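Chain IDs A, B, C and D follow the sequence of writing; residue 1 opens each chain.
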Amino acid sequence: MTLADETTLFARLRAACLDEWIAYTDHAFVRALGKGKLPEACFQRYLGQDYLFLIHFARAYGLAAFKGEGLDDIRLAAAGLDAMINVEMGLHVKFCAGWGLSEAEMAALPEANETLAYTRFVLERGLAGDLLDLHVALAPCILGYAEIGETLAARHAGELDSNRYREWIEMYASTEYRDVAKAEAAYLDRLMARRGGEGRFDSLLVTFRQATRLEAAFWDMGLKR
Amino acid sequence: MTLADETTLFARLRAACLDEWIAYTDHAFVRALGKGKLPEACFQRYLGQDYLFLIHFARAYGLAAFKGEGLDDIRLAAAGLDAMINVEMGLHVKFCAGWGLSEAEMAALPEANETLAYTRFVLERGLAGDLLDLHVALAPCILGYAEIGETLAARHAGELDSNRYREWIEMYASTEYRDVAKAEAAYLDRLMARRGGEGRFDSLLVTFRQATRLEAAFWDMGLKR
Amino acid sequence: MTLADETTLFARLRAACLDEWIAYTDHAFVRALGKGKLPEACFQRYLGQDYLFLIHFARAYGLAAFKGEGLDDIRLAAAGLDAMINVEMGLHVKFCAGWGLSEAEMAALPEANETLAYTRFVLERGLAGDLLDLHVALAPCILGYAEIGETLAARHAGELDSNRYREWIEMYASTEYRDVAKAEAAYLDRLMARRGGEGRFDSLLVTFRQATRLEAAFWDMGLKR
Amino acid sequence: MTLADETTLFARLRAACLDEWIAYTDHAFVRALGKGKLPEACFQRYLGQDYLFLIHFARAYGLAAFKGEGLDDIRLAAAGLDAMINVEMGLHVKFCAGWGLSEAEMAALPEANETLAYTRFVLERGLAGDLLDLHVALAPCILGYAEIGETLAARHAGELDSNRYREWIEMYASTEYRDVAKAEAAYLDRLMARRGGEGRFDSLLVTFRQATRLEAAFWDMGLKR
């Protein structure tokens, strides 16, 4: 997969925790979703918690704006925050409405421990560390979903018409989303050049591996329902 | 002045440090600007530092998004950040171009200690305290400029045509800017209701008074040139 | 129980989420421990994760020092950090050695999601909110352990000699620990007076309830082993 | 001077902004103090503001504890915070008493803008960046005072008996203080190895140079009185 081009920081982090990465991107939840066999209650459980997740992800972009070292960093973070609040969440709410979930219902859901663990971990990394630590904590989500979308779209090409989760798969397999993921991978490389070097790899890997595990735990949570 | 309506938190803070407030809003820099007699070098000095100031103010809105307690707080902060980055700074850059200052020149200016003191004070208040502390630290800037704009426009009505600073005065006396200031005052009241009560007034006043002094020091810095 | 004296903020928070509080303080793990019937593997699982927990709790005291509004706040936080690092952790390590767990082993343990969720939640509350938010997030741990210690010591008085967890129970039932808990409850009241009022109660309760649930999840984690 | 041994990060930062470094360490305030000719009112002005400065420096050590990546970082920060609160400030208060300044008087002093600018800059660097950014912002103070102490003690050897500032000079020229400074330089090198590499040098230099300028401005403030 091109996003995992071997020369990028992302590709190196991914390769260095491949077991955890596969446990996340090829999770039973993901495979069932690709085959259209995921129980709807599981998907709804996931969608509702993902709504709560996005609120904290928006906060992470706000934090990135604060931590920006110059106008370019701030602009990128502001664009990410705006996209999250005014595009992603709108799409999500619309999409969820099609699955019988209103925004008011989702906002009132109790937060699952898996949602809480992942989102607070990301925010805390961003505050204890620097902008690179923050973006490495965000990367498994942003880049993993692109890989999942691409993989499922390729694996189930020709069968998607009959898959009730088709729209979700196509969203993350889209060129638009892929461009977001590529931009994130490129930004990680720029931050790595500016904010460090090899000396940081080990500690960034600890963060990346943990965030990847927490993504897998998020799918577990979906299956529990 | 209606913004200083006695029942608002802003009005109470303003009244409680009226000497500092007047030293800021009726500063020699402001009076000279109103009469069109401020030396251009002073105005340019101010404009250049204000550019650097706005970058850190944008970061403060990012911080406010992180500190948001729900989607409404986050949306407000995101809108403020977007306005700062994509509207205010654009207007500022365009305005400064008319005064012979390019964006590249302003970005390369050494930061004056007055700029540094004020901006870092605001950010640090936001991090040590909560969203209310942060917004109280921002208030003298947002609301003071509206008062200055309104006062100068009224005091020099009929004479502005010949004032080379007319555009600046009209910008801060505009209905659009006044609406921004009123929205900030209303938000302060909502935060005060939600994040505290009378017990916080004394400590908020310490922050408000300090930020007001730092605004006056910012004008001093302009006059030094 | 006197710690839950009705006039304190702690007592009001505790009463407002009594179901969650009881689910935590009267958890199956706690009851089994009180009877000496908790499997040793469960206790060891708990002890190991508690070691990792204490490291992040020490960080929370560092954060409290940063957020201090004056020398008194800073001194209290510094004393808490010092006690955590130089007393609590030493006792914990010594105690764990008696249960066959070396410090090196504990430091190398993978962090359970329950440990991660709780500790990062506390730190994030402290950064997004103010010193009162931070201490309310810490309160269920500090004050709940005192209540558990006192309750178990009273309920099983006369039977503790034959309980292999006697030392743990007596530690949290001790006058020393009780004084720590009382000081925390008193500090919460001082912070409430200084940092807010009734307007904050609802949002503090959200934090307190969540931290209480995460304490119960921490016991669940112990039982899983 | 050995502290500025060419192989350390500190020595490289110092060499890269030598003009600013000399403007700070060989400031007119420092030279007058070395000769015993500094007006007492200037020294008292400095001492009072230094008291306020130390409070925020203590907060910076709290922040370092929060940002610690493991128990070693946390222990170092806790020891620094403890030394600041329980040793340095005590010595400072005792020393100031000899100069006619009570702790209550110092605590009630209005904070000079120079004090505010420097301390908030350090704290904000620590929050926007990582532990290395924070310690680089602290370095000009910790290591510069050791250099000043050593230089003045050597330059005025034999004349110190008649210098009313002898005690101050000997404190910073002492082996104890020199050991603190050496430990800080060594820690900077460890953090540089762990948290980055050459890519970070430019941005660390921006922070170091700014902190060095703010130290010089702090002496300016002392002379103004």
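As a convention for this text, contacts are C-beta pairs under 8 Å (C-beta built on N, C-alpha and C of every residue); 3 or more make two chains touch, one makes a residue touch a chain.
Quick caveat: nothing in here was measured; it's all calculated off a predicted structure.
J.: Return the chains common to the contact lists of chain C and chain D.
T.: The shared contacts of chain C and chain D, listed by label, come to A, B.
J.: Select the chain at the greatest separation from chain C, using centres from the mean of Cα atoms.
T.: Between chain C and the rest, the longest centre separation is with B.
J.: Express in whole angstrom the distance between the two chain centres, defined as the mean CA positions of chain A and chain D.
T.: Spacing between the chain centres: roughly 43 Å.
J.: Could you give the separation in Å between the centres of chain A and chain C, each centre being the mean of its C-alpha atoms?
T.: The mean C-alpha positions of chain A and chain C differ by 32 Å.
J.: For chain A, which residues are shared contacts with two or more other chains?
T.: Only 59, 66-67, 123, 127-128 qualify.
J.: How would one label the connectivity among the chains shown: line, ring, star, complete, or other?
T.: Shape = complete; every chain linked to every other.
J.: Show which residues of chain A lie in contact with chain B when the two form their complex.
T.: So the residues of chain A in touch with chain B come to 55, 58-68, 70-71, 74-75, 77-78, 81-82, 85-86, 89, 107, 123.
J.: Enumerate the contact residues on chain D facing chain B in the complex.
T.: My answer: residues 59, 111, 113-114, 116-117, 120-121, 123-124, 127-128, 210, 214, 217.
J.: Show me the residue ranges of chain D that touch chain A in the complex, using the header's touch definition.
T.: Touch list, chain D to chain A: 66-67, 69, 127-130, 133, 192-200, 203.
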